[in-house]
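Note that chain A is present in both complexes that follow, paired respectively with chain B and with chain C.
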Partner chain A sequence: MRSPHAASNRVVLSLVALAVALLLLGDFASVQANRIAPGRGLGLFVALGPAWALAVLGALLTLAGLALRPSPARYRGMLALILLLLIQLPASLGWFIQLHIGADQPQARAGLASGCWSLLFLSLLLLIEVRQRVPAPWWWLGPGGLLLVTALLIQGGELAALALLREYASRSAAFWQALRGHLGLVGGTLGCSLLLGLALTGLIIRLPRLQRPVFGVLNFFQTIPSLALFGLLLAPLSYLAAHSPLLQSLNVRGIGWAPALLALVAYSLLPVVRNSCVALQEVAEEVLESARGMGMSRWQLFSQVRLPLALPVILEGLRITSIQAIGLTAVAALIGANGFGSFIFQGLGQGAMDLVLLGALPTIALALLADALFSGLARYFQPGGRR
Partner chain B sequence: MIELDGVSRLFDGVPAVEGMSLRIERGEICVIVGTSGCGKSTTLKLLNRLLACSSGTIRIDGQDIAELDAERLRRRMGYAIQHTGLFPHWTVARNIGVVPRLLEWPAPRIEARVRELLELFGLPYASFADKFPSQLSGGQAQRVGVARALAGDPEILLMDEPFGALDPITRESLQNELLRIQARIHKTIVFVTHDLDEALKLASRIVVMDRGRIVQHDTPSRLLEQPANAFVENLFGQGERGLKRASLQRVGACMLPLQGAAPAVSVGAEDSLRQALSLMLWHRTGELCVRDAEGRALGVLPIGAVLQGPRA
Partner chain C sequence: MSRRPSALRPWLAPLGWLLLLLAAVFWLGELEALFRALEPSARTLIYPRASFARLLLNHLAIVAAAALLAVSLGLAAGILVTRTWGRDFLPLVSQVAAIGQTFPPVAVLALAVPLLGFGSLPTVFALLLYGLLPVLRNTLAGLQGLPAEVLEAARGIGMAPLRVLLEVELPLAAPVILAGIRTTLTVTIATAAIGSTIGASTLGDPVIAGLVNGNSAYVLQGALLIGLLAISVDSGFDCLQRLITVR
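And then the complex of A and B:
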């Protein structure tokens, strides 16, 4: 800790200044009479009314005031204010909808504008900054509360007029089908590349002279742009499908899930094989020697020593693979693979940004979830880090 | 009892161990010394079949080890190596319990054994059992390595420079611990080291190897007094031989009865003649008073008695 009269926290001050400027200069949210009509942007005071607007600005200014002479107690105060800012965000949207969209306008929709987005992202940045300054195990109440309030308001119908939700409402069946398709393709990719990758790893470890050619091929796959690879697979798969009733019955065609899965597996093999190989080969020689010297059998040596020591690195390979596959599955919509990518490309085609968001946001969420899941697993299996 | 009979091991046609014949009695500490690359580690690995003999046979209690199940054989032998090879993903307690678990001991017995060994090596169970190897100092890790080798209550202990890379003080205290423990458990120990003082201190008998062959196999004092050839003589330091031999001899075996006033400077009866000589040089005196652990005067040690050495 520095002296009690520590210098002001410039990061907080600048983030707050930026937030106030963007809130005052840009639109907070927008209203559209219907899906086609041009949107009308509203500033903070018009959008939320003076009371709510002043409360938000007041919270931001108080935050800046506390940041002038920070102390642990004041940092906790700042954290509390940031949590409030985050949690009020969905509520403010509900309030906005109530103010500007009447029940008699079932076609009208509300959109988020720059002010709302910047308040969200700058609050999250503030949270990250302040969380480093004081130990506060309750920091997650901010993002958690944000999600909870959002969920409750969606449940209660208060946010139904949000453009994103209007898009969802008009294609909710397609949304869940896209989720299933996306997860199916990603899961299939993970499963296949894990099986194939571990088999290749075993082969390389048995026959080290295969290492160079195998990695050469896998590296080559990695250098082909995804669209080109999808295109390359089109012709041979169509040909195969045309000549094999079995493949036809599985709905294998030049477009659709089959080329997508093949391409995704081709991309995924490199991280899986590289990480497993490195991890399994790099177990220290003396550890293996003493394990053998203690009288472990080959299987015990593998299952109790090699694999547990390699597991965190293997999981890291799966983490890279899953994030990559989640992103590429979206692109694979171009060749007809089912997933959130279809919303993105439809939205881009129709100039409907909210439809793009309906595809993009869940894709991002899935990637973040996969990241958290696999890093958590890797940390759990870290040697000596299991607590 | 371990018997090697004409044992050789080739690597790509080049012998690492050649025509080695050796008998190691039950309960003795046999120390193998020699220059780097002379085949010491290879010999140990032949004993627990981490390597197979190219020719010759090794028998343990009369039984050819090539006919035994390798994994079962290894579980009967403790194995400790210089870099410890502790399993980094397991706690100290789990590391020590490896062989008992392989031997399928019941859990309470393993737990009791781990507790006993940790205490034996001066590592309190409460503070060390749940540590991971990365949290140990080098000396603590080597102690755990040796404790792990002892855990399955093996008849034979193979140790490959187990105290290597330690500072002299820690090293000496681990050597003393090993001797203290050996006095209680009487294992057959085959011990490889680079450190000749360590060899002289620990060994019942020393095997000197050179380029894969045994040059001499003898007790420490006979190695010093009757080196088989120039190599052994060189190895055990020509100029320092007198001091090395003195360090093997106890003051108590050389002292004379006390007559008249006790000399001012004292030495312990269990100390070595080397320590007595050092005291004489330091205090510029030719006579020391010999005392037992309780400080009672037992006799005197004049410089003449040191020169004569132990009486028969």
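And then the complex of A and C:
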């Protein structure tokens, strides 16, 4: 109905207009004399100098120009411009640091202000939009290049003055410990809830009248807010630990990893059990019939028919579970569980926003990674999906 | 609808939870002896800085503000991008809604502080951003899941687009949209409690104060109230949903 030349892409135009407005109206980056001093925000032209600023604005306006009368070739041009915008972002920060923070200011820090964040955010939105208008298998070069250039600049020390990296530098050991703690708790949760969840699923399939009560209880857990569940587990666990030497030797207390793991498993069971029940129950009767007709034993039926067909749906349950557990592990820092949440709450307590970022950004990154990992696995195990 | 006595029965569960919540709000302070057993050495046993009723009201106000904004914005956005003239934005909006739900609520809450400072305002803002997504996603799913023949038929009998939306599309999509609103409410109530750490005064206050001072009596009081509030609201919504789906 609509030929590629017929209409301008209003989505790209609006996103570009928004990006230009935010870049011109807000500060691009900020400079702090030290950790406690208030930051001084600098606009795009002051922060990057006129040449770099004009190049960024020029790229955005060209993007808008191409979006006025889009065609497949022009969409590929837009995609290339978006990749450039993404890849220049870390470089522009390195340039900003070189311009505004001298080598004689070892305490000074550079911060990202609204302009920088909105350029990053809107470029990613533009990428999502343009990517689905034209088939271009190289779209990942944008985010990939962004990460690569950032890594190279960090390695070369060009970004050392970035407030986030200054925070990291002063607690790098704690950072890796937090990562291990976070992953350990999430991994433990996934393992426990998978084992328990599959056992419950087996029970439900054998005794269908248990389905309603089991789901009732698991739904009930999901309703209870995490802070409340952590709090409710505190008293009973301290009591148990005080009266059991075995639990004491395992370092089980009212706070720490034990209540965190218990609560996380309680939350994780619903997605796991729901998805595996649905997946295992909804294998079509004809499929099972023909498998039986081939003379398969019960075990063969399970391992060669039911499980492979159910696996993608079970993996989807694990995806939800892992994202949920990564977020809740951060909350569990309040009850002393080790993880990135401890940076978030320490930073909030000290009013140190860069420390908050040092906790919040890796938490988000972990959640996005888990999402990508489990969606990828689900696609891989989709019947006929293996390429 | 008939108003036989049995019509009240489904409301017994939420009513019971609500009464339990109110009882806890007003009488938890009287149970000092019970909390003494938990925390024998503490000087104060009942959270002293604000009454539970005040905390409950604050909590409810924050949740209500965020949820109202989230539901109206999410619904509006979902409707706009499924109209003919907004359809260009549909792929982007639905992808962003899907990706956004990957972000942990506590991270969104923490990131609101550098933007807006401490207090209730950043809490409401973060809850609004996060609460928007389930409503938006379910609105899109509900409106897009309608069979094309139904819409065709509605247009065929000469209904104007607005009437199709109000009298056909929204009523048919209502169960799915309501499920989204329910998710939003659950997340909002839970995350508002964590809002205590960024300076919003909510039922999370006793929990946080208790954890910081090592007073498990405070923790238990806050946790009980938060739990009861969440369960009351959820079970009330459960009834509402069943009522609408059955009709």
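Quick notes on this one:
The definition used in the following text is that the second predicted complex is superposed on the first by the 382 of 387 C-alpha atoms of A that agree within 3 Å, B and C clash if a C-alpha of one lies under 4 Å from a C-alpha of the other, contacts with A are read in each partner's own complex, and residues count from 1 in each chain.
Basically, a residue touches a chain if its C-beta (ideal position, glycine included) is under 8 Å from a C-beta of that chain, and two chains touch if they have at least 3 such contacts.
Everything numeric here is computed off the predicted structure, so don't read it as measured data.
Look at A:L232: by the touch rule set out above, it reaches chain C but stays clear of chain B.
Legend: residue contacts after superposition of the two complexes on their common chain; A:Q300 is shown touching chain B, with no touch to chain C.
Contacts of A:E289 after superposition on the shared chain: chain B is touched, whereas chain C is not.
When the two complexes are overlaid on their common chain A, residue A:L63 makes contact with neither chain B nor chain C.
Contact with neither chain B nor chain C is seen for A:V273 once the two complexes are overlaid on the shared chain.
Once the two structures are superposed, chain B and chain C can be ranked by residues of chain A touched, with C on top. Look at A:V20: by the touch rule set out above, it reaches neither chain B nor chain C. In the superposition on chain A, contact of A:T363 is made with chain C only, not with chain B. By the touch criterion defined above, A:P308 reaches chain B but does not reach chain C.
Looking at the complex, you find that chain A touches chain C at residues 9-11, 125, 128-129, 132, 220, 222-232, 234-235, 238, 254-255, 323, 326-328, 330-331, 334-335, 341, 344-345, 347-348, 353, 356-357, 359-361, 363-364, 367-368, 371. Note for the complex: chain C touches chain A at residues 38, 88-89, 91-92, 95-96, 99, 102-107, 110-111, 113-114, 186, 189-191, 193-194, 197-198, 204, 207-208, 210-211, 216, 219-220, 222-224, 226-227, 230-231, 234.
Of all residues in chain A, only 284, 286-297, 300, 305, 308-309, 383-384 touch chain B in the complex they form. Against chain A, the residues of chain B that register as touching in their complex are 48, 50, 70-75, 79, 81-89, 98-99, 102, 132-135, 145, 148, 158.
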